[in-house]
């Protein structure tokens, strides 16, 4: 299984029936494909709607786009609103979970995912509000950079997206809960705790119930 | 797949109220106040309520009957002038009334629902409204910092709901309803009409179903 | 002509074509009857709509009511919105003029119209926002109390609705502009400047163009 | 009786833009941005613009062409990642870019339009977003005081207008449009369809006509 699929499958298990969920662009958009049967979630899109769905082969509509500007579909019972309402939902705790990518996460639950100074400055978009307001903040990312460096650090070195807002980190190697530092809850398929240690710059505790991901 | 069963009877809704709760209500002089839920609150017997909304309407409309029946300990409203019983209880110290400018009150509710810590408003500067409040001055203009309001339960009146709780309102009965839907732990909507999910055009929904926990049908039991 | 009609007729002349206007309950609601021909205004109602109109013999609708809770009509092109939008319009300067009654007004443009401590405490409703946000604030009231006391004072003694926000005072006896104190611009039908002085506790200047109301 | 003539041609609308103006625009990745008014701005030649909106979309959509053609001196936006030319100009110091969290940006615009002096938001606390801002703490929670934004002109895209300017929007093209309609001295709406006054149900109007000064019909000259 590819890293991305492992991550998407594992995050899908965190989403409870009835959740309102906002998924960041990229990897997180794969998650709905892996929801267990019986689990129904409503997707919120920060450009202003509830009920985001797949295109499912329908003809794209120019004004029906996701937060990445790409054509999407909508499920029955969806609703559209302006950006002030969209972020009232996000900031006000009406979104049960958000799943975002990360450049760096640290053991304090700090996240950096919106800029690399002097190099890549896309902007924070809705990310800072999502991590501030969503009830569960899950960071879904590959464990290491393409160069093989750990993205899970003692302390983020890039400009922060938020301070102490991350609840959970899911990579292809590990699931960490943030609870006064990092707690290793699960390891990925074929991965040992020792493997995780080698690839993780931050220290972490090991949960007494630490186990293999059940995906 | 599970569709939450949001549609309940008034009897079931009645069980949700408790003594001492803070309840936000929609309506302006009674228009847009859920009369059936007000009756349910009366029937339930809940006491010592804190009520937050625009006004106490008239003795027989809006939340007026709750005042007349002395169920309310504290009111946060902008206007009580049309319900003489509210004024009488206030002057007799039987009820605590916090009068708030209407535009400030709705912003405080919006803040409570939108995760904001407050707004800066010029309204009330130089009046008794500013007493005890943080004041900030920017570019020579004074503002009051007005803090968020939230409630345990919001009771809403809408024209129509679908089964997942998307709401539309009629005419001037909208008023506070869409804002209180954001600012309470539990949101109950009383509606005149219930339709199947997907029957309301997504562009005209005012309150998204995700905000609505329970739906009761006006005129039913 | 009765005092109320004089006041309503005179205020009507202040409203310009295209104005968005919010009228307080009571006397101000008479004003639209006296608009000069060619002058079209849009009435804003703080309970949440633009395009308030007379009932004109139509059957009252339970949810079509004015800010006093009374049945009303609506003109073509009206629109409804929630209270946050209603007060965004009011506070944000999108209402060109508001006309409100007053218990007391003073020479600093202070207004008191929402309570008499220990006696009558209806609440400020939307009045504090209206006087703060509307571009022109006109107080329309009878010159004296029923007991014959001046309502135009050196300094308001009742709790204020606003500080220094009133632009104009219209009574059956006088029109005052507030401009570093009060300036008498017009006198009512059959009223002399001396009459105004006798009935006005506050001092005032007399405009060089002071004239009889042309109503 | 006089009905204001709000419907104008793109040529007439073009005359309203000036060098150095601050312009708010609707749209999210181009959806809901008035393409005809962006072309009018290009044709007009106005320069040194300050643009306020969600994002700079792509080089060929949204306000992207104004960036590519170097008409913009300053940007206040939440995202520039999909338009490489914006990033290039920023890193080369050819354009000033103020990046603002999206939820904060829309509240700043709302404050500018609603007569509020600002909002208190927890978003951005502990990040570089807080630099230079007033901070307030209530009940142990830190908030940034975010101040209002306004513009000289707002350019809006709507689906439909009536002749007095009541607007409705389509799907996700609503986004910033209803808020910028409150926050500019002059509001120009580009619409796909024009109907007679009274043809839009008053309950579904999103932007009241009183906020709209000029209307242009998309696809016309």
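Letters A, B, C and D name the chains as they come in the text, with residue numbers starting at 1 for each one.
The rule is simple: contacts are C-beta pairs under 8 Å (C-beta built on N, C-alpha and C of every residue); 3 or more make two chains touch, one makes a residue touch a chain.
What you are looking at is a predicted structure, and each value in this text was computed from that prediction instead of being measured.
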Distance between the centres, which are taken as Cα means, of chain C and chain A, whole angstrom: 55
Approximate Å spacing (C-alpha centroids) for the pair chain A, chain B: 34
Distance from chain D to chain B - Cα centre to Cα centre, in angstrom: 32
Multi-chain contact sites of chain D, meaning residues that touch two or more partners: 107, 110, 115-116, 121-122, 169-171, 202-203
Residue list for chain A, restricted to those that touch at least two other chains: 49, 74, 80-81, 87, 90-91, 132-133
Chain contact topology (line, ring, star, complete or other): other
Listing of all chain pairs that touch each other, if any do: A-B, A-D, B-C, B-D, C-D
Touch list for chain D against partner chain B, complex: 107, 111, 115-122, 134, 136, 138, 141, 143, 145, 147, 168-171, 202-204
Chain B residues touching chain A - in the complex, by the definition given at the top: 1-4, 110, 113-116, 162-164, 166, 182, 197-198, 202-203, 205, 208-211
Chain A residues touching chain B - in the complex, by the definition given at the top: 17-18, 20, 37-38, 40, 42, 44, 49-51, 74, 76-81, 87-94, 132-133
Chain C - residues contacting chain B, complex: 45-49, 61-65, 67-69, 74, 80-84, 86-87, 90-91, 110, 115, 118, 120-129, 132-133, 159-164
Residues of chain B touching chain C in the complex: 28-32, 54-55, 57-58, 77-82, 87, 90-91, 97, 99, 101-104, 106-107, 110, 121-129, 169-179, 206
